[in-house]
Structure formats: C-alpha cells, structure tokens
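Quick heads-up: structures coming right below.
Each of the next two complexes has chain A plus one other chain: chain B in the first, chain C in the second.
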Partner chain A sequence: MEYSFISLLKKDFKMMLSSKFLLLIVASLILYSLYINLVYIKIDQDIYPVYLLDPEESIQNASSQIIRVDNIKELQSRTSDGYAVGIDATGLEPEIIMVSSGLDSMDNIRTAYAYSLLSPGQSTPAEVIGQNSKEMKNRREITSEFLFFELAAVGFLGLASALFKEKHMGVIRVHGVMPVSKSLFIFSKLVLFLLTDLAFAFLLTIINLGLEKGISVLPAVLVQTILLSLIMALLGFLCAVRLPDFKQFSLLYLVLAIFITTPVFLVGQTSITWNWVNYNPMYHLFMAIKNAYFGMPTDEPIYYIVCVVSIVSLFMLAYKALTHEMAKEG
Partner chain B sequence: MIEVKDLTFSYGKSKQTLHGIDFTVEKGEIFGFLGPNGSGKSTTQKILTGILKGHGGDVGLFGKDITKSYNQEFYQNIGVLFEYPYLYANLSGLDNLNYFISFYPKEQRQDIEVILERLEFKKDYIKKPVSSYSKGMRQRVSMARALMTSPKLLFLDEPTSGLDPAGAVLFRNIIEEERKKGTTVFLTTHNMLDADLLCDRVAFIVNGSIAVVDTPKNLKEENSNQKIVIDYMLKDKREKKIIKACELTQGILFPHDEIVSIHSQEPSLEDVFIQYTGRGLS
Partner chain C sequence: MRGIYYQFKNIRRDKMCILSFLLPIIAGIAINLLSGVSLSTLGETAFGIVQNDLTEEMVNWLEQKGSVMIYEDAKGLQRAVIDPATQMIGAVRDGDTIRTILSGDELQLYKTIGDNIPLLFEERQAINAVAIQVSPAPSDSLWIKSLLIVITMVTAMFMGCTFNAMNIIGEKEDGILFINEILPMTQKDYVFQKIFLGLVGGVLSTIATALVCIKIEFEQLIPLLLLIILSAFISALIGMYIGLFSSGLMVGIVYIKLIMIFFIAPPIFFYLMIPAGSIGRTLSYLLPSSATFYGLMDLVNGSRQSISVYLAILLIHCVALLLIYFITGYRKKKVYGV
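Let's turn to the complex of A and B:
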C-alpha cells in the first residue's frame, strides 16, 4: 500500500510538471511579491489637502498642514478634484467648499477633518488599534488576499486540469481494474496539491511580511491553508470527474469566481456591508485567512468542525464520482 | 474459472441491459463473447472485473462469489486489455508500464522489456512519449500492461483492433501462447476471424441474452448444408457442380477433364451468428 501511494505520488508529480502547474505557481509567487513590494505598499493616497481662504487672517492658530490661498478662484480651482477640501473664511462662519466624492460618509469625514485643522489643539487624540504600521497593515491585507485567491482559484483549477487530462486519456478506468485503492488515487493528488499550496503560503508570507512577522503568523496561516486547499482541491476533483468537458468546467469556474468570490473580496476589503455574505462559506474562509495574517486566528470550534465535515463529505462524493467514472463507456 | 448463472443488470430502474445470462468458462480456455454494439458485452465484462456493482444472479470467479472476492488479491490475478489503448500520453511507454506494474507484488512482475520485445515493439520508441506512438504501438503497450503481471485470467476487449494484419497474427499467437501456459482468456470482440481462430468456445449475446454457446467448429458444422462446390473444366469449358459432402468419399464420378477447385459450403462464424440472432455484428 505504501509503495502504491509513492507510485501514485510520483506519477501525479510528473503530471503536474508536464502541465507546467509548478511554473504557474512560481510565476504567481514572483508576480504577487513584486506587486506587493513595488506597487501596493506605495499606492496609499496622502490625506486630503485642505486649502484656506482667509485674506483678513482672522484664523490665527490654524494647523500648519493648511495651505492658504489668495482668492476664491484659486480655492475653487484647488478643490475641483473631488478630494481636496476648501475652507472659505471670508464670512462670519467658515464655509466648506469641495466637490462631493459621491459618498455622504466620505464627505462628512473630509469636512470634519478640515474643521479639525482650524483648531488643532482641540482635537480628540485618536485611539491607536493594533501595532501595525500602515505599511505592515497593507502587507498583511494584500498578502491574505493573494493567498486566498491562489488557493481558491488557481489550486482548484490546477487539480481539475490535471484530472481532466487523465480523464481524457482514459487512464482513470485502468485504475479500476488494478490492485490500487480508489481512496489512494484521490489522496495522492490531495497530498501533492496540499504540499504545493503549503510551500506557496510559506514563501508568500515570509517574502512579504518578513522573517520575524511572517513566522509569528505562519502556524495560523498554514492551518487555514490546509483547510482551504483541501476544500478547493476536492471541489476541483469533483467537478473535473462529473463535468463532461473543459468548456462546462470553465463556465463553472467563471461562476465561482464572479458570483461567489467577488462578493467576498468586496465585503472583506471595502466598506460595503452585505449581511447575506454570512451565508457564503467562502467569506468565512477568507476572513479566517485574513484574521490569521493579522494575528487573530479564528478560534470558534464550529468553524473548524464545519470545515472538517465539509472535507470528509467532499472526499466521499469524490470517491463516488470516481467509481462512476471508472464504469463509464469508452 | 468463471461461473455465471442468471445474471441480470439494469442501468437505472427502466433500462435492463442483461436478462438472465448463463455461461461457464473453464480454466485455460479461450472463451469468446460475441455480440453487436449495445448487446451487453461490455456490461458483462465490467461486472466480471468488478467495475460495475449491483447485478442480479450468481457470478463466481476463481471459485468464489464475486461480491466477496473483489479485493487486492483478485485484481492481482487478472489482466485487462481495454478496447481503447488507455495510456498516459505525456509519459513514455516504459514509464507507463513501470508505473502500472508498481501496484503488483514483485514476484508476479515480468521483465517489461522482454514483453515489449515479444510484442515486437520498436525499441527506439520505448522512452519516447506515448503521444508520438501510432495506434498499433499503443495497442502493443496496452497488451504488455495486461500481460506483464502473469495474470491467471485475461480479459481482452478487441485485442487486434488498430493492428495491421501482421500485428493481428502476432497478437493471436501471443494469446495462444498464454492459453498454453494455463491462462484463461475472456475475449470480447466483433472480429469473427479472431473468435474463429482463437476461441475454444464462443457465446453469442444479443439484446442482453445469450443465443447460443458452443465451439466455433460445432456451430459451423451444425449450420452447414453439408454440400461441396466443385469447379472443373470439361471440353475447354468451365463448369460448376454441387454435391453432398458424403458423396465425395466415392470419388468424383461425373465427367471432367480437370478439377479447378473444391469448396465446402460451410458457413462462416458470422453467417452462423446472423442465423442465431437475426442481425450482423457491425
């Protein structure tokens, strides 16, 4: 049995090499890391610039961050980008001049910020949450997103494409009349793709969070990687065995990417709030990875129970689908 | 070796494929299972190899009920050649065979290169990927896969398909050699020539029922009109005469200058098949 497993593993590794999947993984790792280090951590916008029109210089103790302008035309011109905020202090009460961002909440924040700069001494000090610098927060955030994407989309596709090849070549049927267990046939693929995903998660984390910060979150990240990798690999296996051709599989892949994963990113990374997203299992898996990267791993037993039950159920379904495929006509 | 009694099978509730078939295959026998597409040949073979579960009736292999014998040991004792040469196209023929043989105990394994040589496989291609092979070469590698573990029972589905005439003769010789070693062969085919030349007995299956089981020789004799056609020359003119086979014992009594040919009117196995089933094989 041990020898059979090694044979299966070796064969699956050769299949993986010939499909250039490892190359894709390495390319993804390089691309993600370059994007994080060269682009993402540098794209944060500066805080809203605030312009003040106060020809009488009636406001004496305004913050040094305020930029004074000479006339109303200049004020209007400087605030025409929908981002900067202007204060017209020519009247009795200072008046805010700005182009709306389109979001009331955002406009209110801009207004409050501009007013706070008029009398900086009276500002309430902000409560500091966590110990991350802005750059580290960005690194953790984007690394968790890339890992989730890689496991959910690329891992799913990788196993399915390898299996489609075997299905197309008809060799799955040959295993049905050989002294090899169907469970081992599935298991060897899972182990191989899991090891690849774990190596990917390890490298992505260390490269982008650094050795010290990376190692501190790695155990929790790897636990979440194991769960998501197994679930996605089994889903990929099931789809590849049950669906008749790659065209239908591609359609399903598109549905998964657009309708299941996109809302997860939107809710998880922006200010959008959709309560129904709680019913999307991918949201919980994404948040678990994100929380692991922020050093707050999910500790709810129900989450882990549901994950394990899902993996066992998917394995049983994959076993049944494989048995059915082996009995098909040529 | 194989005992089948009242075997039934349905795909779903309404599609009954096998309607109670009976046959036995003795150890060391080549048994031909002949029938047109959709007759139930493949379904029977899948039940016998344990791929399809949920049949009715009794099926025994190696003296055991099959529902209890589908285990590692069972699969170590059988070799299967599928109708299509299912192989890993990205691996070489040798890598394919090394991979498949690794699931069998060492004492059972034969030398792969010797088997490929026996199958007249081109040596230059042994390490090239299967995707570069012709259909005949793929069929040879598939046959090697079926033989390389010294099986006691061989299931062969259209073994000469995709082979040129010389290759077909080679395969028939190899099957014959296997039988001489004591291997039992269950041959599923459309090819009446293969069945006629190789099989000790054949079963004709149509619409999930067996029409007849007998030796090809008996089947042909029983359905023969026992007549002989003689072509001869008489006064520079070609003539033809049909006589009863028994009359030949007295010699050729009618006037003739030269005998051109003598043909028995024995039917081919395909003629017999059509007689029993009312339809051809293709």
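Let's turn to the complex of A and C:
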C-alpha cells in the first residue's frame, strides 16, 4: 500500500514535469513578483494640481503647492482634464476655473482645496491609527489577489489537464484492473498539487511581503491555501473526469475565472458594496485569504465547517465519478 | 471557400467554443446592468462619522464633499477607517471644528484631503464669495464604467486568439496537422482559413459587446468597425503563433495566459499612468493592444481625433506580424518537413 502510493506520487510528479506545469508556476511567480515590485507598489493618486494665473503677483501668501502659469491659454489647457483646478487672479477677485469631473461632490472638494491654497492657513493633520503604510498595504492587497487567482484558475487547470492527459493515455482504464485503491489515485494527485500550491504561496508571500512580515502572516495564509487548493483541485478532478470536451472547457474556464473573480476583487478591494456578492462562494474564500494577509485571519467556525464539508463531499463525488469512469472504460 | 466551410463544420459541434465567444457579451450585459450609483462611490471621497457626534452643519457640509457613512460608536468608525479596502476619512467633532482620522495607507489624494478637511471646514463661508466657473464634463459616462466596457471588448477580441491557439493545438495533438500536410492545401490557404475563423468569431463577439455596451453614433461606426477588425485580425494571428510554438495543451495555456496578461494589463496601466503625447505613450504602441485600447477608450468617450493614428499603427502591426509568421512558418516547415 505504502509502496504503491509512493510510485503513484512518482508517476504524478513525472506527469507534472512533462506537462510543464512547474514551468507555468515559476513563470507566474516571476511575472507576478515583477509586477508587484516594479508597478503595483508605485501606484498612487496625487492631489489635484492647482494652477494659478497671477501675472501681477497680487496674491502673496499662496502655498508652495500652487503652480504658476503665464497666460490664460495655458491655464485653460492645463485644467482641461477634469482633475486639475485653475485659479484666474487677473480680475479683482480670484476666480476658480475647472472642468467638471462628473461628480458634484468631487468638484466641491476640488474648489475648496484650490481656494485653501491661496491663503497660508495651516490645518491640523489627521490622526493616523493604522499599522500599514501605503506600500505595505499595496503589497498585502495584491499578493492576496494573485495568490487567489493562481489557486482558483491555474491550480484547477493544472490538475484537470494532467488528469485529462492520463484519461487520453488510458491510465484510468489500466487503474481499473490494478490492485490500487481508487482513493489513493485521487490522493496522490491532491497531495502533489497541494504541495506545489503551498510552495507557491510560500515563495510569493516571502518575495513580496519580505521575510519578517511574510513569516508573521504565513501560518494563516497557508491554512487558507490548503482549503482553497483542495477545493479547486477536487473541482478540477471532477470536471476533467466528467466533461468530454475538456480542452475547450479549459479555455472557457480561464475566461470564466476572470469574469467571476473580477466582481469579487472589486468588492473585496475597493469601497464598492454589492450585497449579491455574498452569494458568490469565491468571495468568502477570497476574503479569508485577504484577511490572512492583513493579519486578521477569519475565525468564524461556520466558514471552516463549510470548507471542510465541501472538501469531503467533493472528494466523495470525485471518487464516485472515477468509479463510474472506470466502469465505463471497462 | 470550401475549406472555410469545413472549418465551420468542424467548430459547429463545439459548444464550449461557441460559449466562450458568448461570454464577453454576457459580461457586457452585466456591466450595463450595473447601477452607476455603486460605481460612482469609487470616485467619491468617503467620510465616516459617529452617530450624534457632529453638528448638523458639519454633516451637511461633509455630505456636499463626498459620501458619508454613519457608525454607531468610535470603535466601528475606527474599524472602517482601518479597513484596507476603503479610503475612508474618519471625521469627529473637536469643539467647533472637525478632527480627522486616517489609517495611514491611503492614496496621496485622500491623505491630503484628510489632512486639510479642518481647514476647508473653517473656510466654508469664505469660499461662497468666490466666483467659480465649472465647464461641464466632456462625457457623462463614468470613467470606471468605460474602462470596464473597454476591457470587456478587448477580452472579446482576444477570444479569436485563444480560439485559434486551442484549435491548432487540438489538431496537433490529434494528428490532423499531418493530414493537412498531405492535403492539397497550401500553407497560405491554411493560415487564411484559420485566421478567418478566429477573426469572424472575435469580430462578431466584439461587435455584439459594443452594441450592448456603448451608444455608437453614425460617424463613429466606420472607425469602430475598422478598429475591431484590425485588432481581431492581430489577435487571431497571435493565436496562430501560439499554435505554432506550443507543443501541448498545458504549454498552450501558459502562453495564452502570459499573452492575455500582456495584451490586457499594460495598456490599462499606460493609459492611466503615462500622459498622452509622451515618449512612453509612443513606445507603448509596440504592443498592438495599446492602440486598440486607446482607440476604444476615445470612441467610448466620444472623441475621435487620433483614431487614424491608432488605425495606422494597427495596420503596421498586422503586416509585420503576418510577414514574420510566414517567414518563421516556412523555416519551421523546412526543419521538420520531409
């Protein structure tokens, strides 16, 4: 029994190597890390630039944030984007010129802010109560997003495509006559994909959060990785065994994953609230990973119970599907 | 013509393939159904206050400046401010003025606003005396919505690529490629048939998405159509490349995923980060989807000044990619051919 499990593992690992699955994982890891470190952490939005046309220098105490321009043409062209604000001080009283942003409330803040720069008044700075800097927040946020997408989309496809290939090669038929238990057949695949997913989660976290911060969130992240990886791998197993035209399905799935996860990301990462997203199980799985990355792991027992129950029932379904498939193959 | 007929017959039974072309249209309908209200909160400044804390005047003033969420106690407010998903600015009363709370991870924009709110509140009377001249926004659509629409349309165009790649990989795995070698069909015919299929699928899917999502004016029709056809052609051609270079399904998925990311993500980034007219923008045209993206964005927002530039860039990409395909394709054939 032990021996057959090890040889099954060996076979699955060879399949994994030959299907270049590991290559895909490494390529994704590099691509994601480059994107996070070179692009994502630098994303920021500056305050509205304020341009001042004041050739006679009648405004003396203007803030140093104000950018002076030379003529009305320049003022108009600089403020045509619906973001920047212009102040025309050529008349008796300064006049604020701008293109609407489309939102009245934003226009109100823009005018109030631009006006405040004309006088030297100082404001009491806001009290800062959070632990994360913007960069650290960005790192945690995007790393959780990438890990989730990778597990949900590629983990699923990895197992499914490996199994699909085996199905084509007749491995399932051979297994029907071998004295190896069917659950071992599923098990060896699950273990292997779980290990690669764990390794991926580990590396992605350490590379992008840094050693110290990474290690402090790793235990919670790995727990969520195990849950999500098992669920997705079992789903992939089921799809590959049951669907006859899996090849086209894989393509559909990749796109479907984008369309399913986009609302999840929008609600999870921005201030948008849609109540219907609560019915999307992916949302809860994503929030669990995200909360783990922010050091506030989900502690609701109901979430874990649902996860474990779905893993067990998916395993039973996969077992049944495999039995059915073996019976069909003779 | 007969070849194309057979190709169509080949995919007609493939329900998944038809479904994947329908998917962007469904996504387009979903975006259209999204209420603008929930999306507009993205651009608004969010304030959080505690019940019965601020005066009525303060609350009214904040409501003019953004959306206001009311929390039962200070704990709830702090939790909402710290929540990494929001850029919320907490506002509490401090005598006659407002004091603000930030979590420290906000964008520069909201940090500056949060720091300045007390001052802005003090100046609330003075600002009323100032003359303000606001020109209306050039288009009434929300930028986030146009962005979602354009991303869906670019994805729809990309379907031609994925379809072709999967189709050719499938043929390779089933051995049809060898049958094709002995059929009385030139490589040109083969390429033409495959590209035609991907092109038709991509164009139809994109046009349907466009019809669902955007109001097209008559004079925009031809530029839009040209933009879609050229981009779908390039995407179908890229699909041919993937088919040419990948040996199996998994490798194909790797390539498709990588190219899909390169096709969709950088243009969005360039569009948002690099100002128009800079060298960075010019360099970004090396990626064909950039021109598509900028062009669609312009059309959705109702301007079409530089559309001919985008079309010319796409045309250059078409010709260059097609030439390279034939050159590398012939070389590959020489190596493997018998």
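Heads up, the rule we're going with is that the second predicted complex is superposed on the first by the 246 of 330 C-alpha atoms of A that agree within 3 Å, B and C clash if a C-alpha of one lies under 4 Å from a C-alpha of the other, contacts with A are read in each partner's own complex, and residues count from 1 in each chain.
The criterion applied here is as follows: a residue touches a chain if its C-beta (ideal position, glycine included) is under 8 Å from a C-beta of that chain, and two chains touch if they have at least 3 such contacts.
All figures in this text were calculated on a predicted structure; none of them were measured in a lab.
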Could you look at A:Gly170 and tell me whether it touches chain B, chain C, both or neither (first, second, both, neither)? first
Does chain B (first) or chain C (second) touch A:Met15, or do both, or does neither? first
So, does A:Lys182 touch the first partner chain B, the second partner chain C, both, or neither? neither
Partner, of chain C and chain B, that touches more residues belonging to chain A: C
Touched partner set for A:Arg68, first chain B, second chain C, both or neither: neither
Between chain B (first) and chain C (second), which, if any, makes contact with A:Val154: first, second, both or neither? second
Chain B versus chain C as contact partner of A:Ser4, first or second or both or neither: first
For A:Glu127, select first, second, both or neither according to whether it touches chain B, chain C, the two together, or no partner. second
Classify the contacts of A:Lys320 with the two partner chains as first (chain B alone), second (chain C alone), both, or neither. neither
For chain A, give the residues common to its interface with chain B and its interface with chain C. 165
Mind pulling up the chain B residues that touch chain A in the complex? 42, 46, 49-52, 72-73, 75-76, 78, 80, 82-84, 86-91, 95, 99-100, 102-104, 145, 155
Chain B contact footprint on chain A (complex, rising order): 3-4, 7, 10-11, 14-15, 18, 165-166, 169-171, 173-174, 176-180, 326-327, 329-330
Mind listing the chain A positions that touch chain C in their complex? 19-21, 23-24, 27-28, 31, 35, 39, 43-48, 82, 93-109, 111-113, 115-116, 119, 121-134, 136-137, 140-141, 154, 157-158, 161, 164-165, 245, 247-252, 254-256, 258-259, 268-274, 294
What part of chain C is in contact with chain A in the complex they form? 14-17, 19-20, 23-24, 26-27, 38-46, 63-67, 78, 81-82, 84-89, 97, 99-109, 111-120, 122-124, 126-127, 129-138, 140, 142-143, 155, 159, 162-163, 166, 169-170, 248-251, 253-254, 256-258, 260-261, 265, 269, 273
